[in-house]
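Order of writing sets the labels: A, B, C and D. Residues in every chain begin at 1.
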């Protein structure tokens, strides 16, 4: 009981998830429906996958604002490569090298960001703010402002396929959620992720190779952004150069809602998963009950602030606290 | 099959609130739906984000609406979502800007303006404007600049394409000095135009992807005292463009009514549900408008 | 090999180490030698270069000149890892822990035991940490989160790290600054164990009694240069002090300053703050120094913070100059003539990235304006006054405080609050980490201020300090004020008994 | 972000304690020299470089054009600098600009220029107060609060305007004195530039030379120590958001007057450009170090990058890539100088 309570105060987001779940279930009969839950999972998978990587990077004490732009490049690369003449004879196998190249391009961008953060010592916020602009520029250079279209419908069929009634994209998301959870909570790399974010100097002094460690986490988020870009492009059967604009804001929102500290050193995948679900359910629920578009923005913004406030209240030490 | 009870029409729009056209469209659509007693509309807005539009398509499919109207954020990227709707036996009507050809098999109809044609019409206006008195428009010469819509969006791409292709045919003597995006934004295009004005000593004409940007260009030209040297031509006539035209500062534009656009889309959608025959490309008229013929048109409400 | 020289018996030898920072020559050709199984104390004033020398040794700074020999072999130590691999372990002056993580994770930070596929082997970890903690005789387990520990316990975690390695050299940089007496005993036992295993120990401290208790030799630094090595058994405190600061100290209390207390400045009645402390009452007169003595965690800091408007009392009254007051913010406290020299200079006392002058004038900046703008000359005048008075060593008022040594930083904080000309001055651990010379100065200063009519509260965990500066001493135990002793009528034993809760008879 | 603080503190050993008087210090490397005035040197190199490639670049006409188009972002960046100096962020300024501009333009024809400006200012300041209350008084994280406000204010704007563009009627456009702010000039110098310059000087003096400014730096440098020094931190933080909002109000007036109309998303994405300008100038996101003057330089560099590349005929997205590189290089050189070595010492 007590530990359950502690779990809740540490992840107040799940309280919130429960509240909106009940609210929407009562508001519209279309919400509480297996098919709708599948939808929510698929819809959140894009932001969700990136949020997994963002959790690692933020626990590390860094942040990645460039994920929205990063996502667009692998999406374009994948759809483009698939259409290359070299793979014309490969049939559906042409998807394989395309996806691999796409993932690689995302990982490379992550590595570049991480390497700059490591070697220059410039704050990740600044490095990735620049990258957010620059990488979008690269995407425009690469695509020449054009959208790419996947002529192979197998590619988009994948997005709408399901295994045992569960959409494949949802499965991909859930599998990676579990994998990242294990990585973070059970492995040495995970422990070091917390240590580096908690007290970077101490981590350096303790002999953790902080630089390469951070690069790896940036590569992981690059991988996840690429994966998200590719799954998104399977849903579209196409890639557009504007893909993923403002995603970084929603990803960060989800991760912070999930209880990860912006200063690093604390956070969890379970919390992030809750944060992602909360945003997904809010969006979906408001669509279903027909909240006018203008009010959706107002509601989402207010809720974000409210959850932050709630979190603060739950974690207060009460009247004895020093007032700074 | 016939629908005796209410017809539910789901619409997912591109980006309401980004400009008046889309907002007016939305209002007209809702009004038109309310005007029919057996129609119920579920109105969604994708906020310009493809991913969100796809999610909205899924939500509409999930709600099993009778017909979906989509204003694509991107003509190619929504094809699979449209396909999924058609596989769920929900007919889809595309509105305002068309989807890629690959998706034609999955839609019941397209209702909207012909953006390529609009670009072409603007090109013709440009030739006329640059021709000296009595000169044949095809003989016209001059140097012009182009301010395009937001890069990567279908409407912007189609208008630019239509304009450039037709201009090369209709008056090969007119040269496009440079093209820069104004992102459908008046302030942005004002800044772009300011740069053009510094860069080029002589600009004979400006083509803007819509009047909102066109008026931005006009503002800049006025501030530099150079309105006299150039002909300004836009598209999607806005109230501000109409007024500028009346004041003689703006040469011409393309008249496109969001109300027509919305009503056309809704009617097409209802007809599709009722199993009526509709043309596959259901364009509505978008005539040229200049100072000479502007009396024939009522001032746009947006 | 000629490099070997005559150091066959030494585990570590530093030769002519030079390290300059812009504007400061922190180390100017320092020699140092350490034998296996020896405790070698390193002493010197604040800013003498002790920590810098040890950071060079631990691979954190690269020397600009000089040579390092470990086990007679010349080596370079480009990184902390390299130093660790050479068997050199540094226990930092400032705590360096990952607060959100467990004790076990901190102790094995960077070296967590792995099972297959990079997973952490929690079983092995718990066992190894458990063994170490048993040796240290502490009351927390491997899975306790570090941010739940008191400062002293955190210090023990730092120390525990040193025991995970087969170290050749262990450096303790002021390890006892926040330890209780009981914890010190454990620490000295551990040092004894290490010694017995042939490990060389470098021990930095400003506390003479410790140095004389455990060290074999004492090396002395002054202004970055080496001033020789003394054999502990053959020297005395006075000699060491003279080597450090160039003169002897008179540690007796001035006879002339017997306080003639004036009016009651501050009266506290039944003050409580939740579980932190309860029912605290005392009176403080002008011209009087009231010492607060107790163990870490006894609640003294919290009382000070409450008086200063940083905590809301749950009960009780505070009377200032005969007037009941409710102070809800430091700004109000200052307006009432209160000053607080806080416990932690880095977190609470200083804006590290600001220069010395701006730090000192910060609380009164509103009064230093001419027209709408801050008046530079007025500010500099205040800075100069307190620099002279407190003998602050800084290149100029423009120096950022983060580049000053700990002791000089502390003086900046004291100067900042003295310059407010308060009625009531509260100083919390005023000499933590301060060298003997400066310490004596600060003590004299406190006495002097009292003689001028100030009412002073001194919170300290060092018995000699409270005894030296106070007129009366309030002993605290677990959030309760046990007794207030008259200084002249109290013995050390009385105090120890009072603060450890022995014989708490109805007072 | 605060973690980096420990790192920079640890690696700041190369920073000359006395910047204005180098004294006997002989160890200044080229990195330090460049970085001490790095941003100004970069600025000069930029101007010269572009000047070589385009003869129009250094013309008065072009300079004025760049200054004018930088003035809106510039005015906003002044306010954001104050917020950043006190250790927080303000990402809501873009939405707030949309809100202010839509409001002032919409009200202009309805209630007249002066009342419109007054009402808009009050409304925008109220939004600033909400930011200030949430971050300063409730002490919620500023990044998330202003991110939430970004979205909420966008919604408010759309609700206010019903999603319609707003315009000042063409008949009044040429007669209203409201046109002065965006289109007027004094002695040939455009009004937006003058407003930007005046606000920059005022704020620079307020931050660099007054007691208030000192408090802002102290709160940004070490909030806890500031409170212990009797500074009412909540009020200081609150006030920075009010200042930021006021700057947005001024920017809205310039924008509204310049365009004489507004869309609901005019300010979209401005928050990041503004922040880029602040960072480029060298103001630390950790708070406590930087200046208004630096921000002005940073914003102008952004403006000249955009303008120069355009004049040289590069596609618009080239400016994004160049901005990326310039931001990282500028900040890198800055901190490299402070720590005395080019690469981070972290292994």
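Details
Please note the rule applied: a contact is a pair of C-beta atoms (placed from the backbone, for glycine too) under 8 Å apart; a residue touches a chain by one contact, two chains touch by 3 or more.
The chain lineup, named per UniProt: A = D-allose transport system permease protein AlsC; C = Ribose import ATP-binding protein RbsA; D = Ribose import permease protein RbsC.
What you see is a predicted model, and the numbers here were worked out from it, not measured in a lab.
Both chain A and chain D are touched by B, C. Interface comparison, B-D against C-D: more C-beta pairs in contact at C-D. Distance between Cα centroids is largest for the pairing of chain C with B.
Rounded to whole angstrom units, the spacing between the C-alpha centres of chain B and chain D is 35. Chain C and chain D, compared by their mean Cα positions, are separated by 42 Å. The geometric centre of chain A is 34 Å away from that of chain B, both derived from CA atoms.
For this pair, chain B with chain C, the centres built from the Cα atoms lie 72 Å apart. Counting partner chains per residue, chain B shows two or more touched chains at residues 16-17, 151. Residue numbers of chain D whose C-beta contacts span two or more other chains: 158, 163, 224, 227, 317, 347. Residue positions 140, 198-199, 201, 204, 265, 293-294, 324 of chain A are each in touch with at least two other chains. Applying the touch definition to all chain combinations yields A-B, A-C, A-D, B-D, C-D. Listing the residues of chain D that touch chain B in their complex gives 56, 59, 61-62, 65, 68-69, 158, 161-165, 167, 169-170, 183, 255, 258-266, 307, 310-311, 313, 316-317.
Those residues of chain B that touch chain D in the shared complex are 16-20, 22-24, 26, 151, 178, 180-181, 184-187, 190-191, 194-195, 197-199, 212, 215-216, 219, 223, 238-240, 243-244, 247, 302.
For chain A in complex with chain D, the touching residues are 61, 63, 116, 118-123, 125-127, 129-138, 140-141, 197-201, 204, 209-211, 249, 252-253, 256, 262-265, 293-305, 308-309, 312, 324.
Taken together, the chain B residues at the contact with chain A in this complex read 16-17, 42-45, 47-52, 54-56, 58-59, 62-63, 74-81, 83-84, 100, 102, 150-153, 157. Residues 1-4, 6-8, 10-11, 134, 138-141, 143-145, 147-156, 158-159, 163, 223-224, 227, 233, 272, 275-276, 279, 285-286, 315, 317-321, 323-325, 327-328, 331-332, 335-336, 339, 343-344, 346-347 of chain D touch chain A in their complex.
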